[in-house]
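Quick one: the structure is below, questions incoming.
Note that the chains take the letters A, B, C and D in the order they are written out, and that residue 1 is the start of every chain.
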Amino acid sequence: MKNDTPKVFKSIFALFVVAIFMIGLFYAFVSMPKGWGVNVNNRVSRLYILKNVRTATRLLDSGKFFAKGMKPLRAEVPYKPIKFKKTANLEDGAANVVTSIVVDYRGFDTLGEVTVLFLAASGVMMLLFGKRVKPKRKKTEPSLIMYVGTRIAFAVIFLFGIYIFVHGHLTPGGGFPGGAVIASGILGLFLGRNGYTPNHAGLKVFESLSGIAFVIIGLIGLFSVKSFLANFLPTGIIGNLYSAGFISLIYIAIGMKVGSELAAVVDSMIGDTKEEWS
Amino acid sequence: MIIYVATIVVIVIIITSLIAVFSKKLLSSIISMGLVSLGVSGLFFFLQAPDVAITEAAIGAGLSTAIFVIALKKVKKGETKDEE
Amino acid sequence: MNIFNNAALLIGIPLLFAFSIPLFGFISKQLTKWVTIFVIGFNATFSLYILLAHKFPSVVVMGNWVPPFGENLYVGPVAVFLVTVVSLIGLLIAIYNLWAIKGGDVTRFSVLFLMYIAGASGIILTGDIFNLFIFMEITEITSYALAAYGPERRALGGAFKFLVVSSIGSTLYLLGVMLIYTQLGTLNIAEIAARIGQTTPGLLTFAGVLLISGLAVEAELFPFNGWVPDTYTGAVNGVSAALSGIGAIAGVYALFRIVMTVLGKDGMYVLTYGKLDLMAVIAILATATVVIGELSALTQKNVKKMLAYSSMAQMGLVAAGFSIGSTLGVYGGIFQLINHSIAKSMLFLIVGVLVAAGVGERIENFKGLWKRSPFLSLAFTIGAFSMLGFPLFAGFWSKFAIVGASIQRGGWYDFIIGLVLFASVAEAFYYLRIVTYIFSSTEMEKPKIKVNLSPAIPIFILAVAIVAIGVYPNLIGNFSMQSAGEFTHKMKDYVLNVIPTITAH
Amino acid sequence: MNSNIIWLVVIPLIGAAVSAIVVRYKLLDRIVTFLTFATTLFVLFSVHVGDSYLWSFKFLGTTLNLTFGVSHLSIFMLYISVVFGTVLTFYSLIDRSKMKGFLLLLILAANNWIFMANDMLGFFFAWELMGWSSVLSVLGGRETENSRHSALYYAMMSIAGSYSMLFGIFILWRLTGTFSIAANVSYLSSTLGMHPWWVLGIVSLFFVTFMIKSGIFPFHTWVPLAYAYSPDSFTPFLSGVMSKYGVYGMLLFLPISLMEKGFPSAFGGIPWANYTFVWIGVVTAVVGTILAIFQDDVKKLLAYSSLSNLGYVVAAIAIFSPVGVTAGIYHAFNHLLFKGALFITLIAVISRTGTSKMSEMGGLWKKMPITFFTFFIGIASAAGIPPFNGFGSKWMIYQAMIKQHLPFAIILLFLASTGAFMYLFKAFHSVFLGQLSHKYDNVKEVSVIGQIVEFFLMFAMIFFGVQPGYILKPIGAIVSSMGLKPLPVMANGYVTGMFSNVYVPLIGWSLAISFIFGFILFFVTAKHKYVPQENNYTAGQNPQDWGLTPETYQFSWNFYQPVEKLFAPFFKIKVDGFFRGVGDWTKATGSAIKEIFVENAQMYTFFAVVGLIIFVIAGWVA
């Protein structure tokens, strides 16, 4: 809206927009199925409840599940309890369900998300590209406590980040938060040391190599299991560190990539550049 | 118990987001946005989504706030240059 | 289930090289452009192979999870055809960029350009609405950055407008996906398409509206297309060509995949809108887009801005063709989409060469261009004539098909096509004005324009393509026909290929 | 089935491709153009009525049949256009204007296709092809900026017409499911009784296109511009051949009115739709004549003259009686011949003098005698003076009107005919007679090629004037193929029964002999002395005192000033203003709409949100 529009109209319009959305969303949630009292099978994709794709596929191929008179599924599908640190060769093998969805079932989306982040970082770097100008000395030097503290904290934060993505398939977390945590550690270094610059070439190589690793893992799946981003490793025993196939490999790649990327973004934001067009 | 804590968090989120919108100073807007992210992160945790909560805390409350502050600083630098 | 999983390479290889281009950048900046050309060339060859070997429809399963559990790519007639076109046009623009992109961060530019084409291919190939969102994000983010590239300040402004409007579009789309997911518990396009009848009607309207509004931003339909003129004008010409030639294809495809396959039914539409069906609403929007675009371009003195408005109008025409809903209409829409991409990207490339040669972007500067560079003026004329739909040029057949389909449908579509034709007369005015400027000689002798080989090759190929399609329309007409079938017979041609045992409710 | 006829389209296309390749080498380009025309003419000799060709290809999801067929009308049109084109391109071998050969050849291909098309699909394709190539041909005249403007103006009219026809074609397709012209015309005839207004509406969609192409009254505004500012060697083709496409199209659709059930007869026993159309023709004739009288640019003058002649043609064919159609087609042919001759002689004059302003010429007959004679016969023919070809057709048009009892129309046409003599005499007098300006002392006669062509045209104008039977016979075949009763044509004379017992060729020959005698007498007995042009009527006074400038000394300056004063009130009504007004209004709307895009991201966001909200509300309310 133009600047000379009276403020009252702006506010009324804003309220109107908000009201429309509130009504829409309210309606959406009211008419949404509740978890209780309603046959969830009619609402949620019936086959997801199975948690076992092979069985579901068999049932699907038999043509039963999209017939009109559907029965509750639990009666037909045999239920087998999963025991931590005991059960082996599960379909997916990750103790963390979120991770198994994110990296395994919908791994292609994750590859896309990593790419989105990569491209956003590339875009920022392309816009801020130019000849680097040596930053002026700040007027206030960071205190000694800050200087020492960030360096100590960096080690801890770095370790924590690595822990988060290495344990992605077991505990909450994964590549994205892990990488972000590492990047915030590096941000701390920027704050605590005057004129700190990371190794740019190193960051770039790191970023590229981890991205390449992700895609190559996918391609290995394509050539060994005949499907892009398919799990080509044994799933192991649930709960072990070495389990869940390629999930941890992918998470390591993602973690390194996200960490180096965000660090590079912070670096290019902080550093002063001068535009140059030949 | 959790429901009370969650309610308080929600109230904090609403208040901080209102501050972010109506504040005249951009810096305080950015800081309150960081607070919103922090609150949301807590809310995610209460809603049993720890994965999302960690990510939100690291990116929303940490990195993006920092990047906003840096950007603001750069913009201000550009403004003063123009005035000179 | 026919599995031809190697089609995943169409996404995988560009991603692999996009990640590794920064490494090539250490060796030489020029090398990164060549890598881009190589990768897009691979995509073009591979998709052309699939298209000609007729290895479709096939469902490419991702992560070894059969649909609807995992994600899948749907390599059908539409997807293969459009991906081929997108990568071929992308290849030509990449060849142009060899000469045009100098200065700035060339390495990152190569990465972004490559991923722009991969993202557009992904939008077209994917069989999952959330995955569609991811690829939409990839194309949008790359296009913000690409549009901001360049020494001029206006590039930043254009990119910023695109960013703002487009982010809103993405958000709306995501909300729509969320509502669909809560209703049906699935993200697979085929499964949603089969079970769309099970949703709550009111909620479906809300979700559908959100989805359409989100996608209309990319497809350049009227109230959502404010970004078009500034972004196209601001961006470097190679990027404008890509936006109009590649992004537009992906945007329109996504819109009508959602509207016709996901929300639609065979022949009639579940999502009714009072007495109109949803397609009628889109038809109204499309007509508004055509009329507003053409009339805005009418008095424009800046050629690039004029081409931008014209792009908008042409996308409206494409949408009008699709929204007729009959096979003939969709056929015309797809055909027009391809013709528009070829011609408009060529026109932008020509303007790029002219700007670099110091001719500038004003219409008056085109005076007597015929004397200065016959090649460029001839190519520009061919492009303009194709836009206007003159016979012996590609645009004739598609415009013909759209008008025919719309009159065949009858009713108030007669009125719509009448308006569109009126706007086309306006379009003829502003294109022919430039053409007449080009061929009218001036007294002043200006230096001849030298065209390098790198921009000359793509312009030449595109011009030849326009004439070839104009003389022999079935060159792409047959593929368009297959594609139209997939849109209009969704159960037979789409859903049952993905999930053979599914039955519609 | 005769595959020869497809070559009539293919050869010009191949020629166009070759010509486009050699476009840099102008002489080669002209030779290629001429050879292509000649080859096409050669192929045309092997084409007969009833030949047909089917070219089916898969498009739009079904098999489409492009059908070519040769009817009596089409072979007539093919012959006159190709022969004229051959003569013209032969003449253009020596030409220096900027006509591009490949565009002319594209028009030739479209020309042959239009005349042979049996289906509306091919007809439209060829029509559009002809449209854009002629628009490009108009570019490149002597006055660059004017030529640009007129090309644009012509293009806009032409495209508006094409879209109107496209709309009509598809509406007919929806109704009948076929593109065949004959089938659709018979469908229209059969529905005329039930839904006369619908039929009229659909047919008007087509007729608007045809009227625009032929420059009939409300759509005549582009004609003088395009004719005057097109390259000189293209103007004869534009005027002679291309104005006939509209007439051809009208003749295709006019048989609908054979069924008079739909419309009650108006005055004169013809349906009132036809009656209206006759009047449109008459108005065109009158308007063209009046405007032609006051032109100073000789090409513009002849352009308005073309307009007026096409008015005659349309008025005649709209009557749709045997005499009317015969007269109309005959006049169309005559117009092609004499207007072609006039424009071709003008190319010679303009290329020698470098101007097309009549007030800058004068006295050229001494320098270019053969050209002068051709021009003389041309205007005599155009004015309808008996021994030459223009007389017969005008005479028959009056006959047709008298038969249908249209007295007022005849009076106006007579008036127009008198006016025609006025402007033609003006052109004749101002260009060739009077005093020769000193700057033209070194002007030469046209080259040998030009003289050959001029002799040929002179011969043709006299021959078809005194032996009209050669042209009336094929026209008789056309008329009978349209379902009308053909006129009985004598072996080499006019139609029997129309001139009672007078043997027309005899009149012709005797008049021709007396003309020649008169000329000899004039040259023998003439006693005159030449005075320098600047010295004739100022009598030693300084003309600057009277407010005169050197160009106003010319005798043809403001030739018809008194008449102009007489008609002054009518000039205030400008049809041109209407179209320009529509254009300006559209432009104004465009620049208003452009304001939507305010280059402000907030505003764009606002649009998107408003659009979404309208969507949502409409979805819930409905």
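Heads up, the rule we're going with is that a residue touches a chain if its C-beta (ideal position, glycine included) is under 8 Å from a C-beta of that chain, and two chains touch if they have at least 3 such contacts.
Only a predicted model underlies this, so the values are computations on that prediction, with no experimental measurement involved.
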Which one chain sits nearest the middle, judging by mean Cα positions? C
Please tell me whether A-D or A-C has the greater number of C-beta pairs in contact. A-C
Measuring centre to centre with CA averages, how many angstrom lie between chain A and chain D? 73
Counting only Cα atoms for the centres, state how far chain B is from chain D in Å. 76
From the mean C-alpha coordinate of chain A to that of chain C, what's the distance rounded to whole Å? 29
Geometric centre distance via CA averages, chain B-chain A, whole Å: 20
Could you pull out the residues of chain C that touch at least 2 other chains? 202, 206
Of all the residues in chain A, which ones touch at least 2 other chains? 24
Residues of chain D that touch two or more other chains sit at 602-603, 609, 616
Mind listing the chain A positions that touch chain C in their complex? 24, 27-28, 31-32, 42-45, 47-48, 53, 56-57, 60-63, 65-68, 104-109, 111-113, 115-116, 118-120, 122-127, 129, 201, 204-205, 207-209, 211-212, 214-216, 218-219, 221-222, 225-231, 275-278
Along chain C, where are the residues that touch chain D in the complex? 157, 160-161, 164-165, 168-169, 172, 202, 205-206, 208-210, 212-213, 216-217, 222-224, 226-227, 229-230, 273-276, 281, 292, 294-300, 327-328, 331, 385, 388, 390-392, 396-397, 400-401, 403-404, 407-408, 410, 414, 417-418, 421, 424-426, 428-429, 432-433, 435-437, 439-442, 473-474, 477-478, 481, 484
Residue set of chain A touching chain B in the complex reads 96, 98-99, 164, 172-174, 176-177, 180-181, 183-184, 187, 262, 265-266, 269-270
As the complex stands, chain D meets chain C at residues 57-61, 125-126, 128-129, 131-132, 135-136, 139-140, 144-145, 147-148, 151-152, 155-156, 159-160, 163, 166-167, 170-171, 173-174, 583, 586-587, 589-591, 593-594, 596-597, 599, 601-605, 607-612, 614-616, 618-622
Please output the residues of chain A touching chain D within their complex, sorted ascending. 1-2, 16-17, 20, 24
